[in-house]
Amino acid sequence: MEHIDAFREAADTVVDLSADFRLDSEAEYDEWYDGHSRPELLEESVYALPERNRDELSGASLIAAGGCNATATILGLAPLFDGGILDGSEQLVVDVKVGSSEGGAGSSKASSHAERSGVVRPYAPTGHRHEAEIQAEFGCETAFSAHAVDMTRGAAATCHVFPNEPVTTGDLWGAFRETYDDEPFVRLVAGGTGVYRYPEPKAVAGTNYAEVGFELDPSNERIVVFSAIDNMMKGSAGQAVHAANISCGFEETAGLDFQGLHPVGAP
Amino acid sequence: MANCPECGAELSLHDDVETGEIIDCGTCGGELEVVATGPVELETAPELEEDWGE
Amino acid sequence: MEHIDAFREAADTVVDLSADFRLDSEAEYDEWYDGHSRPELLEESVYALPERNRDELSGASLIAAGGCNATATILGLAPLFDGGILDGSEQLVVDVKVGSSEGGAGSSKASSHAERSGVVRPYAPTGHRHEAEIQAEFGCETAFSAHAVDMTRGAAATCHVFPNEPVTTGDLWGAFRETYDDEPFVRLVAGGTGVYRYPEPKAVAGTNYAEVGFELDPSNERIVVFSAIDNMMKGSAGQAVHAANISCGFEETAGLDFQGLHPVGAP
Amino acid sequence: MEHIDAFREAADTVVDLSADFRLDSEAEYDEWYDGHSRPELLEESVYALPERNRDELSGASLIAAGGCNATATILGLAPLFDGGILDGSEQLVVDVKVGSSEGGAGSSKASSHAERSGVVRPYAPTGHRHEAEIQAEFGCETAFSAHAVDMTRGAAATCHVFPNEPVTTGDLWGAFRETYDDEPFVRLVAGGTGVYRYPEPKAVAGTNYAEVGFELDPSNERIVVFSAIDNMMKGSAGQAVHAANISCGFEETAGLDFQGLHPVGAP
Amino acid sequence: MEHIDAFREAADTVVDLSADFRLDSEAEYDEWYDGHSRPELLEESVYALPERNRDELSGASLIAAGGCNATATILGLAPLFDGGILDGSEQLVVDVKVGSSEGGAGSSKASSHAERSGVVRPYAPTGHRHEAEIQAEFGCETAFSAHAVDMTRGAAATCHVFPNEPVTTGDLWGAFRETYDDEPFVRLVAGGTGVYRYPEPKAVAGTNYAEVGFELDPSNERIVVFSAIDNMMKGSAGQAVHAANISCGFEETAGLDFQGLHPVGAP
Amino acid sequence: MANCPECGAELSLHDDVETGEIIDCGTCGGELEVVATGPVELETAPELEEDWGE
């Protein structure tokens, strides 16, 4: 926050990867963070999930790249809100699994290899700050928990949602296709017969792609939505480049054409 | 003798417990701060924020 | 099923690790499995989660050891039902993370190292058969999804539940302690300040322990319950030994005293 | 072997990734493989380590891409032979660590995730067929052992060599620079103070790079040479593309510009 | 070193896990470490590889538990020296692969999960201090290199040795059996047809066992010797307990009967 | 202009290099200490010992 004027002085377009300009109001920063010292910039800054705010991003000079877990979650749920399947009154459960690079390059006892490897470790059972971004996007309550798993790059969100009205698989395919058919960085992966039937972080490691998919549970009218990104790309640096490409009028996919590796282990 | 404000477990404290002291609850593992003595009152100590996934 | 008479001929006490005798009625086998050829034995057989059915197990001659994912889930939720915090009318979301040994020793392309390592892979988004056991235990609906993660042994269940009445952390501690204080194989792990604050499968790898814990989300009256077991022990062989110990009147912990390793990676 | 005429009929340039045309004579195939059915093609085929046979590859129509472990080993040792530090009379020990994709996509009990993960497993202690390629390159004996480690892509060769004459670190740097300074796909990594001081497979995962480096042991006049490649790229497909680029007169690096990911776990 | 008197005051038998009393003379500490402040104790202290010094350990009051990598290496090579196959004049190459717990519980950037996972990383190419222990045991030169691999517990040593006289597989089996047939904590694993044909660290994780095995390379009269231990057990704490059991006249295996887990991933 | 004492690579140094300064060699990555200027002399800087596997 304190350097933002210097950065904007130095460049026409600033993309901030931190959370400093993601939310809309000082009140939200008071609730979720430790307040905000430059609230007058919150209105100006544009939140960058390009898939959600493409128009606003064009020409924007202060861009706040979305949080990694928020990005995964929002991309998974968006078609359900866009398609009127959810309206914000439903209970949404979001269970996220993340890799160690989410914690940055710093070292601590908990992040040492011997302690951090092989884990399925709840680390933010409640109160994760990315909830604020999801709630801001959809105007809904979310029940969000994150787990550390043994992977370096990647975030996978599983959303369990219960629409007020029953839906069909066809409705879901329709909604997801409607939202994402023209998106360069979103791949629908839902079902099929191979090894990769649903979104997985290792399938997008190193890329700016998000994979999204779903399954419908007939017995209880639950939809399970899966989404997977690489937190270092679609969850941060790639998203930033994508947003900058839009802001500056470049080809959206410029510099972001890596397709990933197969096979790959814990990326 | 005092109860953990977090989980309700009974804690047996040593005799010369002092205000400001930090005590771990053996049951829930919570860090407790002694805010008064005679009788002893405990509060949950403020936690260090971990900041993953920004 | 077809060999059961021969097995019972050969031994006074038979513990079946498969799902053949876990459910109570032929109707349930028609719904969840491919029917049942010996339904008359279903009444006689005792379902072995020793923590739930200790009395019935004493002297039982046909014991059905509980499924691994069902065991993890039931042990996590039981205190909430025992303590009257849940009554079965609530929405329960269960998100399970499992290791590769759940699939048994067989080999397939999907279970080969190159494909299976590094995954966070939805493999049973809906319709997992262990739901039947959970529903039978609590008489409730569940929304259950399982994910394969990069680990050999272990199952971790995260249950997101929404009680009808608000609760306090103290209520939860009370309920969990009431249910488990005298249990030799259940450890409460909830909070604290070290590296291990909640249940994790690597903390119980190789042991017959279940770790259970919880967190309360003040904003939306959600309880997140965590439980972790080793699917090869508390989820199968260890559970079977525990049940046999009870059935035969041995010391419950006989042969099950291994406490696990630290540090340990992907067990 | 049996389809080679059809393949050459279909294309002007054929790059064979198998071992079928790597060795020079039928006798070697009798010794190391099960003989050869088309020995007359062995003279025509060009062995593709582009760094060693660039001139012959130009215009070649039948190219045998080098074996992955042989490629790693040859690239590590080549500067020592080029620079006259080794002459082929010395004892060379080669200790290779490889990922699971070297075994191809097939599945077996040993390659299942539960058995193959976490291993440091000797799998070819003696008699590995890639020795034939190394011996053909340098005209020397080698003592070669391979170990499977927990990684999907990658091969790392550690060569322990004992020159007849003492050398200095400066001599080694000179030799390695002389051989590789102009090579587009070889990076020297030897020493320094960061986390990455010597070649590692994860630093080249997904790329066509080979990293090579060394350390000199003053006490016993041993040189330890390290080299690391991605067996799916520099060890097979990338090498094939590189060779085809040369054969066809394209830019050598065409299609091979991926630089890898950081951080990355078990790639 | 500075606390040793206090420790010996406090207990009749002191087992030191550090390197402080492993070597025999001040001169060796000057060469390999930063000297020694209590050289008069070096004669009194007994080096604990119980398999090598059982008699001296009986009644010893100051015991220096052997280093993990030295233990693995010495146990692998001992039968060759005992059996007269090696006499110390040969070139010995030792290539060790180790897990992250060898570095202790401290944290550093290099040991953070994101950097340390998935590695095959040379970390002590030359000059590793455990060489001193190996040389002291056998009176020979060694060419020793260590690599960090993606595992928490475990050390695997591969020794490539070249006897002056040709040997047969029978000679080797004879020598290994002669040395280890009565040892409670050494298992011979050499060949066979299952998944586990040679020593592996994951087979001994959590146990005090060492696995040793070998393969003979007919073409070049090389013996490859494999040995695997858990550095936290046979490489430190278990070795210490074993040594104390002998010193105090207890059953040697007291407290050390854990047999390990199967299947298990990266332990 | 000076040569790296470790690997022999040519190093181009900035003008006001000072005695005691630590410089990284771009080729071998070695840390070099400037032990004299005019002409510049470089020595390999002492390395911090890593202590794994005790």
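Per-chain residue numbering starts at 1, and chain names A, B, C, D, E and F are given in the order in which the chains are listed.
The working rule: a residue touches a chain if its C-beta (ideal position, glycine included) is under 8 Å from a C-beta of that chain, and two chains touch if they have at least 3 such contacts.
Since we're looking at a predicted model, the values are computed, not measured.
The chain pair with more C-beta contacts between its two chains, of A-C and B-C, is A-C.
Greatest Cα centroid separation from chain A: this falls to E. Centre-to-centre separation of chain D and chain F, using mean CA positions: 33 Å. Each chain gets one centre point, the mean of its Cα atoms, and the points for chain C and chain E are 40 Å apart. Chain E and chain F have CA centres that are 37 Å apart.
Annotation for chain E: residues touching 2 or more other chains are 99-101, 103, 105, 109, 113-114, 117-118, 150-152, 263-267.
Across the assembly, chain F contributes no residue that touches 2 or more other chains. Those residues of chain A whose C-beta lies close enough to touch chain C in the complex are 91, 93, 95, 97, 109-110, 113-115, 117-122, 125-127, 141, 143, 145, 147, 149-151, 154, 156, 158, 160, 162, 195, 197-202, 215-220, 222, 224, 226, 228, 263-267.
The touching residues of chain D, counted against chain F in their complex, run 169-170, 173-174, 177, 188-194, 197. Those residues of chain E lying in contact with chain A across their complex are 99-101, 103, 105-109, 111-114, 116-118, 150, 152, 265-266.
Contact residues on chain F toward chain D in their complex (touch as defined above): 6-9, 24, 27-31, 47. Residue ranges on chain E touching chain C, taken from their complex, read 99-101, 105, 150-153, 205-206, 232, 258, 261, 263-267.
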